[in-house]
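Next up, some structures in structure tokens.
In the two assemblies presented below, chain A is common to both, partnered first by chain B and then by chain C.
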Partner chain A sequence: MDIQIETRELSKWFGEVVALNNVSVQIPSGVIGLLGPNGAGKSTFIKLALGLYRPSRGEIRILGEKPRNNFHTLQKVGYCPEMDHFVEEVSGYEFLYWLARYSGYKPKVAKKQVERAVERVSMTERMYDPIATYSKGMRQRIKIAQALLHDPEILFLDEPMNGLDPTAREELFELVISLGNEGKTVIFSSHVLHEVERVTDTVILIYNGRVLAFGKIREIRDLIKNHPRTIVIETLEPKKVYQILSVDENITTVNFDTQSLTVHTLDPMQTFKYINEVFLDEKVPIYSFRCADEDLQSVFQYLISTHIPRGL
Partner chain B sequence: MPVYSFTYRPFEGKYLRHFRWWIVFLEEVRLWNRSRIFQILFLLGMLQPLARFLQILSYNSAMQDPNHPLAPLIRSVTWLKVNEELYYNLIRLQAPIVLLLLLYVGAGTVCTDRKNRLWDIYFSKPIHWYDYLVGKLLSVIFCGLSLTFVPAVILMFTDYVTKKSSTWTGLFSYLPVMGDSLMFSLVLVVPSALAIVAASSIFPTENITVISVITILIANTTLAGLLSNFMRDGNYMQISFPVAIYFMGQKIFNVDRNIFFRTADVSGFNMFLYIFFVSMLCLLICIFQVRKAERG
Partner chain C sequence: MAILRIKNIGSLFLDIKTSFLHSLTITLRRDRFLLMAVICVLPVVIPIFVALFSRAMFRESGLEIFIRLSEQVYVHTLTPLLALFIGLIGIREEVDSLTIVYLLTRPVSKFAWIIGRFLAYMLISTFLLGVGLFSTFFACVVLGSIYVDFIGISMLLQYLGVGIMGLMGYGAISLMLGCATNYPIIIGVILFFGWEKIANVIPGIADFWTIQKYLDSMFPALASQRYNRAVMTVIGSFQKELFFVSPQRAFITLIVLTIIFLVLAIWFVLWREFTKDRVVGTR
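Moving on to the complex of A and B:
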């Protein structure tokens, strides 16, 4: 496996606040989702990877080297921050031009790189307008463009979807996927789960400064087999359905609604099989049944509930 | 965002190993250079050099032409004479406008970047904290020198050109006064720039920075005035930073006509140490603040 980012017992605290706690991961190339709620430690992880923060303990290596004050590494890394970071009075083009110069490009090459990056984020038409006149989505695009300026091998996108309209979001999804296909490593941070699912099936779940899980979404799901799954059954006779299902030992809890009922089961495959068999025989009208927690949200919630004591 | 398969290409740039601060310097100069307020302040600052230019032209033409109708008048007015003191007065009288201009360009250097959270982006590029700080400081210093030393040099050249008897070796005679002008300009501009950038690195906005610097200057001078009155000793006025800078200018140009104290009575070295100490303190504040941001 081609390891791009490696951390060993990486920790960062600010005073008494532990932002990142004992994180040891090996991140390969490709698109990786960095997933966690606000304040989980995603941005801290990214800033440590960029060398913007010094680790309080442990170490982080990017392409085998420590990133802090390491220009060799920084030249291979692009960063799109979460917040707006602009000189408002200059144009998008000029802002990017100077950042390209910071990256070491001579003026002529810097201009070319800027034009290329701006074209890639579809901002060519507005690139000479002052940043102060840009919409939120345009600002986001310029931020992404500055991260792409120097053709980085590793790209850190911290909440890049913030403020983008649906079209722009779709374009950015495509861009991220294409970057992954080109062999780049893209660390895509987000607290919105379906955004991450849209670009990758490999995620790092981070919560309260700790890595809860890292791997394919399905692999993570396999780790939590014993946790009850949720199945939603749509029917006009929920009480009758309940009576029939109550004999299934795998079902732990059932919740009623007017036209549906939600069951929690320890073995969804067995329960699905049971539902099929029983209801075909009983001839109870069922419009649909589906597993309601196949998405990342539920995986995340399962992991939090198994790692974090109840009541916290 | 259309996706192009050819977009990513190998790095074509040449990595800067040295003088990375030059990019910061250029960006900063470009930023304030386009501002209308800066342009107006700069033009105001060029009024005195323009007047000095006319003074040199008229003085030289009158002195070299005995039949010039204004020659007796110009000869009789001592402050119209073109000598070393002209350059001292030029730089001394430029001080208020230089301070205004430095406040305008320097007050936002660091605090605006912090306010706009630009440090994260800058320091994610191959650039050190000291490249950043040196670039910012030099841009402010350059701005100050462009209203003090640069006009002085242009005026020296004007004086040289307008003297009919000038030979090219005569240019060397300007070296001492050029050195003095540079020294006085640096004494005036560098501590001011350091103080303003230090304030900018501490305070959150440009306005607060400007108000704070002016307040500190007034408080400092008021304290010096109170002490000198209370102790009945004009030498206490040296505590005032602007007075100290003027005093250093007098020492550099060998001029002695201070209204507060006799220049000969106080030590130039001590005064230099005082200015140096304050400048170093400001520099340390700048370094501490920027390093703190870069360190994370």
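Moving on to the complex of A and C:
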């Protein structure tokens, strides 16, 4: 396994706020999803990998070298930042041209690199227009183009799908997959599970600055499948509802409120079915019932509460 | 695949050239460039006004006006202003808009980046200062007592030289402030238009910690004798005792200070983290 990125007890804090906490991972080549909710530490991880931050503790190595102020490493990495900042009055072409020059290309080569990168993100027609006139999606594409300018070995895409329309999203998915097929390492950061699923089956789950899991998405899916699910039932007679539901063996715990009760079940489909069947017969007034933990956030919470070790 | 450079002296020069040309193309289309261009040629109206509206027997000579404008306006006021407007804001724009992140993730030498920026600032500022000084000189020639001859042109070039030294000193400090602090403009204004002015009138040797001290030392002969600096308070008037520095020493001092502040600027770029994450618990 060729290790592209390696961290050892990597931590980063800003004042008293811990942004990344004791992260030790070895990331191989290929497309890797960096998955976690907003504020989890994904961007901090990427910025540490790019050398934009100094580690507060531990170390990070990109292709065996420390990245900070290391132009050898920077020659091999591309970065599409999450933030949306440009010199607005310049054209996309000019913006990319100067970045290509900063990457070490002479004018003629820089021009060709820009045209190639712009073509990959389907922005050739608008490349001479001022960036100020671009839509959010176009700006996003230009950011991706600048990351591809110098043909990097490792590409960091921080929330690249933000603001893209469905067509552009599909194009970007295909681009990321093709980059992976070309043998490049793509770190694809997102807080949306299905976005990551479109491009890779390998993810790093990161939450509250900690890596909770690193592995295949299906294993995480299994975790979602196996962990007790929460169903909230709104009713005026929670005790009566409880009495009826108590016969369901899948229900592990129940919490009461004045007009609702929250049940945890090992098999939500069975429990839903049971609720439907039984309560229609019993004529108990139920206003609504819903699954309260379908989202990724709940998986993170579950992983934290059950102390799943890193590396599934 | 295109060829990526291998870092050596050649590629370092390529980096400097890129940074220089990039800074030049960006700055020349900025409004503040036009503003500074107007400000730099504005003093020309003074000799023109004097020539038009002042009676010949009472008015100052062209030589006096030229010296006064060169020293008080161009060297003491416009050089630090150019350093703030062209040098400091040029760097600060990239830091504040976070477009610096694109540069910091390129395999470009930070040394080359700063030097390129500095050279572009020097070229633009020298051009503006030069245009202003030349225009003022020729306007003063109209008033007489100063002529387009060897002596006149020598004096003009000497003031231009002092102005360039001022641009170097103030520019290097501005670049350093732009890279080191979060409020460089405020600090720059306080330093250049507060501290520099106060230190040059209060008794003692505080003036040695100013750029102006060394610039004054390089003015044409007798320039320093025109000043009779004093602080007037309710208690009394305190005469400033001047310790002179030779023009040669002043020149070397300004070169050394420029190098020191440029090195500091490069060090801050290498050391600082120019982007902060919004993490849980922060704003």
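As a convention for this text, the second predicted complex is superposed on the first by the 221 of 312 C-alpha atoms of A that agree within 3 Å, B and C clash if a C-alpha of one lies under 4 Å from a C-alpha of the other, contacts with A are read in each partner's own complex, and residues count from 1 in each chain.
Just so it is clear, a contact is a pair of C-beta atoms (placed from the backbone, for glycine too) under 8 Å apart; a residue touches a chain by one contact, two chains touch by 3 or more.
Everything quoted here is computed from the prediction, not taken from an experiment.
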item	value
Overlay on chain A: chain C relative to chain B, clash or fit	clash
Which superposed partner A:Val192 touches (first chain B, second chain C, both, neither)	neither
A:Phe71 touches, of chain B and chain C: first, second, both or neither?	both
Partner chain(s) touched by A:Tyr102 [first = chain B, second = chain C, both, neither]	both
First (chain B), second (chain C), both or neither touched by A:Glu182	first
Which superposed partner A:Val232 touches (first chain B, second chain C, both, neither)	neither
First (chain B), second (chain C), both or neither touched by A:Ile3	neither
Partner chain in contact with A:Val25 - chain B first, chain C second, else both or neither	neither
Contacts of A:Gly39 with chain B and chain C, given as first, second, both or neither	second
Partner chain(s) touched by A:Cys291 [first = chain B, second = chain C, both, neither]	neither
Where chain A meets both chain C and chain B, residue numbers	47, 50-54, 69, 71, 74-75, 77, 79, 81, 83, 85-87, 89-90, 98-99, 101-106, 109, 112-113, 146, 150-151
In the complex, chain C residues that touch chain A	1-5, 7, 11, 14-15, 18-19, 21-22, 26, 29, 97-99, 101-110, 270, 273-282
Chain A residues touching chain C - in the complex, by the definition given at the top	14, 16-17, 19, 39, 41, 43-44, 47, 50-54, 69, 71-72, 74-75, 77-79, 81, 83, 85-87, 89-90, 98-99, 101-106, 109, 112-113, 146, 150-151, 208-209
Residues on chain A engaged by chain B in the complex (per definition of touch)	47, 50-54, 69, 71, 74-75, 77, 79, 81, 83-90, 94, 98-106, 109-110, 112-113, 116, 119-122, 141, 146, 150-151, 168, 171-172, 174-175, 178, 182, 184
Contact footprint of chain A on chain B as seen in their complex	1-5, 7-16, 20, 23-24, 26-27, 30-31, 112, 116-118, 120-128, 294-296
